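Input: structures, listed below.
Both complexes below contain chain A, partnered by chain B and then by chain C.
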Partner chain A sequence: MDEEPERAKRWEGEFERTWELLVEDESGSLKPSVEDILFKAKRKRVIESQGQIRLGMMRHMYIVLDASRTMEDQDLKPNRLTSTLKLLEFFVEEYFDQNPISQLGIIATKNKRAEKLTDLAGNPKKHIEALKRAVDTTCSGEPSLYNSLSLAMQNLKHMPGHTSREVLVIFSSLTTCDPANIYDLIKTLKSTKIRVSIIGLSAEVRVCTVLARETGGTYHVILDESHFKELLMYHVKPPPASSSSECSLIRMGFPQHTLVSISDQDSKPSFSMAHLDSTVGPGLTLGGYYCPQCKAKYSELPVECKVCGLTLVSAPHLARSFHHLFPLDAFKEIPLEEHQGERFCEGCQGDLKEQNVYICPSCESVFCMECDLFIHDTLHCCPSCVHSQP
Partner chain B sequence: MSVYPKQYAGVNIVEEQRAKWEKKRIRTAKELIETERRYFEQLELVSVNAAKALTVSRRFLGNLEHGEFGLGFENLSSHLHFYKIYADNMENAFKVLQGHGVLEMPSGTGKTISLLSLIVAYQKAYPLDVTKLIYCSRTVPEIEKVVEELKKLMEFYEKMTGEKQNFLALALSSRKNLCVHPEVSSLRFGKDVDGKCHSMTASYIRSRKQQNPGVQLCRFYEEFEALGRQVPLTAGIFNLDDLKAFGRQKGWCPYFLARYSILHANIVIYSYHYLLDPKIADLVSKELAKKIKETDAAKLREEYSQLVQGLKEANVARETDVYLSNPVLPDEILQEAVPGSIRTAEHFVGFLKRLLEYLKSRLRIQHVVQESPPQFLKDIYEKVCIDRKPLRFCSERLRSLLRTLEIADIADFSAVTLISNFATLVSTYSKGFTIIIEPFEDKTPTIANPVLHFSCMDSSIAIKPVFERFQSVVITSGTLSPLDIYPKILDFHPVTMASFTMTLARTCLCPLIVGRGNDQVAISSKFETREDIAVIRNYGNLLSEMSAIVPDGIVAFFTSYQYMENIVASWYEQGILENIQRNKLIFIETQDAAETSMALEKYQEACENGRGAILLSVARGKVSEGIDFVHHFGRAVIMFGVPYVYTQSRILKARLEYLRDQFQIRENDFLTFDAMRHAAQCVGRVIRGKTDYGLMIFADKRYSRSDKRGKLPRWIQEHISDGSLNLTIDETVQLSKHFLREMAQPFRKEDQLGLSLLTLEQLQSEEMLKKITQIAHQV
Partner chain C sequence: MASDDELSLLLIVVDVNPLWWGRKAQEEPEFSLSKCIDAIMVLGNSHLVMNRNNRLAVIASHCQESHFLYPSKHWKGGDFASDENSAGSRDGKFELLTVANDLIVQEIKHLTARTQVRGQQTDTLLAGSLAKALCYIHRVTKQLEAGQEMKSRILVIKAAEDCASQYMNFMNVIFAAQKQGVLIDACVLDAESGLLQQACDITGGLYLKIPQTTSLGQYLLWVFLPDPDQRSQLVLPPPVHVDYRAACFCHRNLIEIGYVCSVCLSIFCNFSPICTTCETAFKIALPPVLKAKKKKPKLGT
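Coming up: the complex of A and B.
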């Protein structure tokens, strides 16, 4: 009798006021307001990027996923859990794309317990698999912030000082069931320099506010699914490296991928060291990356060598992380009417039609909004600046 | 032979004894005169010091018209950014300086600071016009808050002018809060502390010390007597702790130091009980030794303070120091001589006994009696031949008797004091009071528990002396609506009455009126539907749904303890309570103060550490009146039903009748006024400032009606749109979810600029001034 029958039909769902988002303009048309909403959403992320701040390159992050009863709420479609997992998959991909030499782990919490879904690792595939598997989990009980944070802390506190230690909590519930005083834990987190950021799915909870404020993280509450995605993407970008974090030289290995054809007589299939401790995954392979120090074989990069502890990366990985050290300045936004000069975009060579144009502060080239977004999100350098420099 | 000397000796002894008595009498008489003289001296001092009446100069008003604020404002605004409301308030407060005023403002918008800074600025600009400000608040924490604000203001002055301000402000409280004596301060009850203190500092005890060195005295008081009076308290702002620390450091008694220092302080902050009732300290106990409960002076003020609870009174410019004088008793009583019939002690004791017997006989009845004071006096005269005049002096006579007998611990005599006070009051006032004798309580009609109520129908009697003594009285509160009823009840003519709304950069309050359950059954706490199972279930559903979506703390108010008990019991049976407890912990306010404060503490802890909690409490209870639920301690408040008073109460009936006859206020109007004010009071607990936000859920169909809605304060009313009337639970949940998410978005100071915060330039612009005058809602 306790269990409510599952609400399967749309009309049995909750009452919504979708029309309130839309506002008519003077002529009674809805289009401008819709466009305005879209435009604002696009712009927002760029504006938020700060100027020249050194960002951390190597990150260690645990994602704490709330899998409590409240995740079955249907205010995100089809329900909070499915929607969150889908977005997280996207996040994981994006995360490794932007931070190739970083690592990630996932913790789920429900029934007052916390369990690890995946260990800290630099391989997106494993995480995504785990996330896909998690769709079928039943959500029950209450989450425990304390347990999940202390689990994350146990793993993170041994990480070297030059890397960032982060926890990202996706918190759907409004309550947490803790075995001890969480404020003591917050102090410990602070002293071990673990940064806890929280994305709330329902409303602002006091303890989360304190947690984020004390540990230097951020705390946001989602408005809807697109806002949720935006907030998640906000965490793709590394946090500013704190001045107190250690600077150290790290040894890195750049193994070459050696291809061995089957026809070659000397070739012997061998195990990849990365799969030593996992039962699943490919077995014997022929070629791979060989650690320059100990010659252990790995099938994927980046990875930390299991034998000698050397960080193995490829040059493009490093290069992709490099831009975090020198972020591109935000472009100046001016209305089209005020802009004098050429009426086409420097990037795509198309006509400038939108209400605003964007000007690079250093080379004064003009871009349209699409190009502006592309430059800041993907290229990370102004094409005409690069062009003008010899 | 041997008989004679003995007899002779016996005569001797008697004569010796007589001589002793005579000496003693002379000594006490001297003492009486001495204390009296000192009292008058003090009174004189006060009036000399403070009786500079305030007249708002034309010049000053001229300045105002030109948009130039007084000295101090400019300094303030260049730095702080004005609140818009703050600016409104200032302007109105200026007007108020010419007379009395009533201002309604939502809490946390700078009521205190704007009044303080206005008056301080005025004091600085025209030091001869306004000499003293008395700021009255209700509770000790509130007093502390005011001092805190004042400190900030002074710091700011110092920063801007770069010099030390010669300004003395202090908080005054009872002995219990100020005592530093190691033994006395450890006592738990205010009454005990007062008694103990009295037994160590009274003048006759101190003089006894000279003969008998074994008498224990308070060394702090002695030290203060010896040194403290010569050196006035240095300029500065003193809260209770500062006073204590200062007292400890110097070895002076902080209580007497504070009492002495109010003579030359610029600002005095204390509880309004002092202002309204100087006898409150004596009259702590309402229990009589003979199980006769009487409600008199203390209760009367209590009634009054219930009426104006939440009010803070700031009083500008005074003629005499009320603390030292007695506002209730007319001067002629104090000046007239005690009538002969009770002049000697034996006669007086006999008189008291007779009075007591009479009261006892009156209490031995089977039916309810209601009569006016003249009727009562007539009856008492016929039955036991007690005249009106000696009755009037009863209280004074008893006091002098106790003094003469050198009784140190007055606390033991509280019962007799109560009776004598009753006698004095009943014979002094013929209008505005009623005596009601109830042989049993309404709930238990079989158990005889006679109670004599002496209740004040007219709150203006209590406040009248205050209005008379002070040049300007400003009453401000978050919940005063509807404004026009107050001047009527309190019988005064305000120059300004204004209700301000909050100018908000974001709508941080969300009043919702829930009228129906999901099954479309109307929900209401109306008497007819109160026991309806569907209504109770819907109330339960509402709470359980809200508990799932509101973070941290929820406060729920019921209309009475009894109703709450019934509802909670049936929720338990229906399993709703279990559902709620899955989301949040539940705490319940009870009539026991200790238990409630415990529950409150645990409630706050649960809110703090993320578990979330619900506090079930009662409108008009302790929680609804004095405790703020800032930020996460109250994200939502649910008002189950309309909190009408218990209309069957005889006191209330008598009062309603009186109001109708005297002030032409209809019963229904008053009841609705009272109920809505309490509802507003309850829901107002959650919004304590602009950065705060909270849901206000009125769960009763009747709130949708415009006659009820219209009586809510304007700052709540203006956020009630047609879309938030008569909602179902589902709709409420949906709206709340949306609201909470919106409110959780980051909120920065820059967002408020220009809207609810003004820079100096914006403030001084003509346009803004015009806007401001429009905003203030003049009644």
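Coming up: the complex of A and C.
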């Protein structure tokens, strides 16, 4: 079972003097060195993500939320559960922003049972509402890793082969109460190609290490709230596709948005299919998206048509994922003194004041640090390279 | 009404494609680039006058480069007295407006004089100008003092036609603008632009194709001057119907149902065993093949 050598534990390593990293500047403020550390972390994320590897764009992910007694601990303010739910809301928004054709589901586990908070769906609103409602739940009992993973597996098993099946577990307890041998479940997860990643809130637990290692996921334990956020953001990007995932052509529909006004003679109000299973009463609306195959109406995209099963998306949804396919190269970092040209940032037209300037490798234009971060995080295209297109 | 701590930044991106303007000058001599710049200056001045805290920026989008007309890098702000071009305001106008107008005129003259159209580069680099605009907005937002909020919007005045090769960069810019909460409005002078229609729809801005180019100033003041908060109370031109259908990669037809490759997300109208973009072979689900029953050989006697 235990073929890999374990990593050396922190207390076995050298004595680290972490307080020496923070240096005061002339006015006695620590802000520049704190910003420097945050900036280096962001740069690391950009540099690590280079390379031409095939990514799994269509993702089906389950989030397993631990709602056991340990979530009432107040080491994350105001308590672990509230803080986790807040960060998960942010995660859900970013996830659907970066992976518009993917789906997400939420499972909560407490009292040795697991229950589904939301089904696998592509609409962020439902998940955010469920997370907001979950703030009032009482945390009690023990979590059950086996039950929540088998519940997730039952749903993910039936997903088509070309999608990536993932589970993200937020685990705060140090124990788990399982009805059967979890190592058998780990074998089954591995055979159904489900990748389980875990974020621990308390301490490293051995079964989680094995679970992550066997299924190909990652396991990290948080240090504080900002580290928690960073670990969550790490899972927003599409993971490298495993070699066994099948590539196939997926049949999709691109419906037109019909906008009709009340004064139009031919317009008839109709029900939207999205209200079939929602608790809000059915509403008659005039315009919407009509499925090209069965003409069922929906108010928002992307959605899977309940009548005929066709996935409905719009072209911008696919366009949102393009920047993963053509990632922007990291810019070269050189100190300000070595730069011969004008002290002028091409992006924001400001003067270059910081210590380092960043140069795009293809068009040799110079950018300041803020523009570099903005370009890599949000913009995904170099403003000057666009100008030099033939 | 906007409070004192809220500032509104209007960024105008003007398309100064020399080929289109040259052709237009022959067809319609009464509407020239200088009239267009006049109308833009009127809009810019009005915006600055609406609120003490408002800010303005103007970018000219050319075939080879995008240039900031205002604020220009040759002018360090706040230096009214020692500016040799305008010794104070000549007609009693607010100093800032005079400086802004003079700068815009000066910079556009320099830009048109010095750039020459080379080779096949005849398309306006709109995506690049928008990218620079977003970087500028990002910097200004970072430099705000604590407690100040800024709402920004970009107004694109488009003259020439769309350039299809800029599609991907354009979409990246649109999504970045949507994330930053920046509205993109579009005022189109000549040909309808599908890209700008999508941009306005996704970011929540206004799209308008002007019927009469000579009354550009009027349309700018009527439609594009009010802040986004006040737009719900005005009767503005209705939203256009945006065609979000995708075009298939093989024939460039607009399709309603298509096949999407799961690796590279390219769209095809017909099923094919190999994706032409990323060259992955697809698995085709075949019906199970039944083996023919083996006949037992007759034992010969």
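In this text, the second predicted complex is superposed on the first by the 337 of 390 C-alpha atoms of A that agree within 3 Å, B and C clash if a C-alpha of one lies under 4 Å from a C-alpha of the other, contacts with A are read in each partner's own complex, and residues count from 1 in each chain.
Basically, contacts are C-beta pairs under 8 Å (C-beta built on N, C-alpha and C of every residue); 3 or more make two chains touch, one makes a residue touch a chain.
Since this is a predicted model, take the numbers as computed values, not measurements.
Participant: Which partner chains sit in contact with A:L85 here, chain B, chain C, both or neither? Use first/second/both/neither.
Facilitator: neither
Participant: Output check: A:L104 vs chain B and chain C. Expected answer is one of first, second, both, neither. What do you get?
Facilitator: neither
Participant: In the superposed arrangement, does chain B or chain C reach more residues of chain A?
Facilitator: The partner that reaches more residues of chain A in the superposed model: C.
Participant: If we overlay the two complexes on their shared chain A, which of chain B and chain C does A:I128 touch? Say first, second, both or neither.
Facilitator: neither
Participant: Classify the contacts of A:C208 with the two partner chains as first (chain B alone), second (chain C alone), both, or neither.
Facilitator: It touches chain B, and chain C stays clear.
Participant: In the superposed arrangement, which partner chain does A:I170 touch: chain B (first), chain C (second), both, or neither?
Facilitator: The answer is neither, since A:I170 touches no partner chain.
Participant: After superposition on the shared chain, which partner residues are touched by A:I194: those of chain B (first), chain C (second), both, or neither?
Facilitator: neither
Participant: Please work out whether A:L185 is in contact with chain B alone, chain C alone, both, or neither, and reply first, second, both or neither.
Facilitator: In the superposition, A:L185 touches no partner, neither chain B nor chain C.
Participant: Which residues of chain A are in contact with chain B in one complex and with chain C in the other?
Facilitator: none
Participant: With touch defined as at the start, can you tell me which chain C residues reach chain A in the complex?
Facilitator: Those residues of chain C that touch chain A are 64-66, 68, 71, 73, 120-121, 125, 127-128, 131-132, 134-136, 138-139, 142, 165-166, 168-169, 171-176, 179-180, 198, 202, 238-239, 241-246, 255-265, 267-268, 271-272, 275, 280-283.
Participant: What part of chain A is in contact with chain B in the complex they form?
Facilitator: For chain A paired with chain B, touching residues are 14-17, 69-70, 75, 145, 174-178, 181-183, 200, 202-209, 220-223.
Participant: Going by the contact rule set out above, which residues of chain B touch chain A in the complex?
Facilitator: 548-552, 582-584, 607-612, 631-632, 635, 730-731, 733-734, 737-738, 740-746
Participant: Of all residues in chain A, which touch chain C in the complex?
Facilitator: It is residues 54, 57-58, 97, 162-163, 241, 246-259, 261, 292-293, 310, 314-316, 318-323, 325-326, 344, 346-350, 370-371, 374-375, 378-384, 386-387, 389-390 of chain A that touch chain C.
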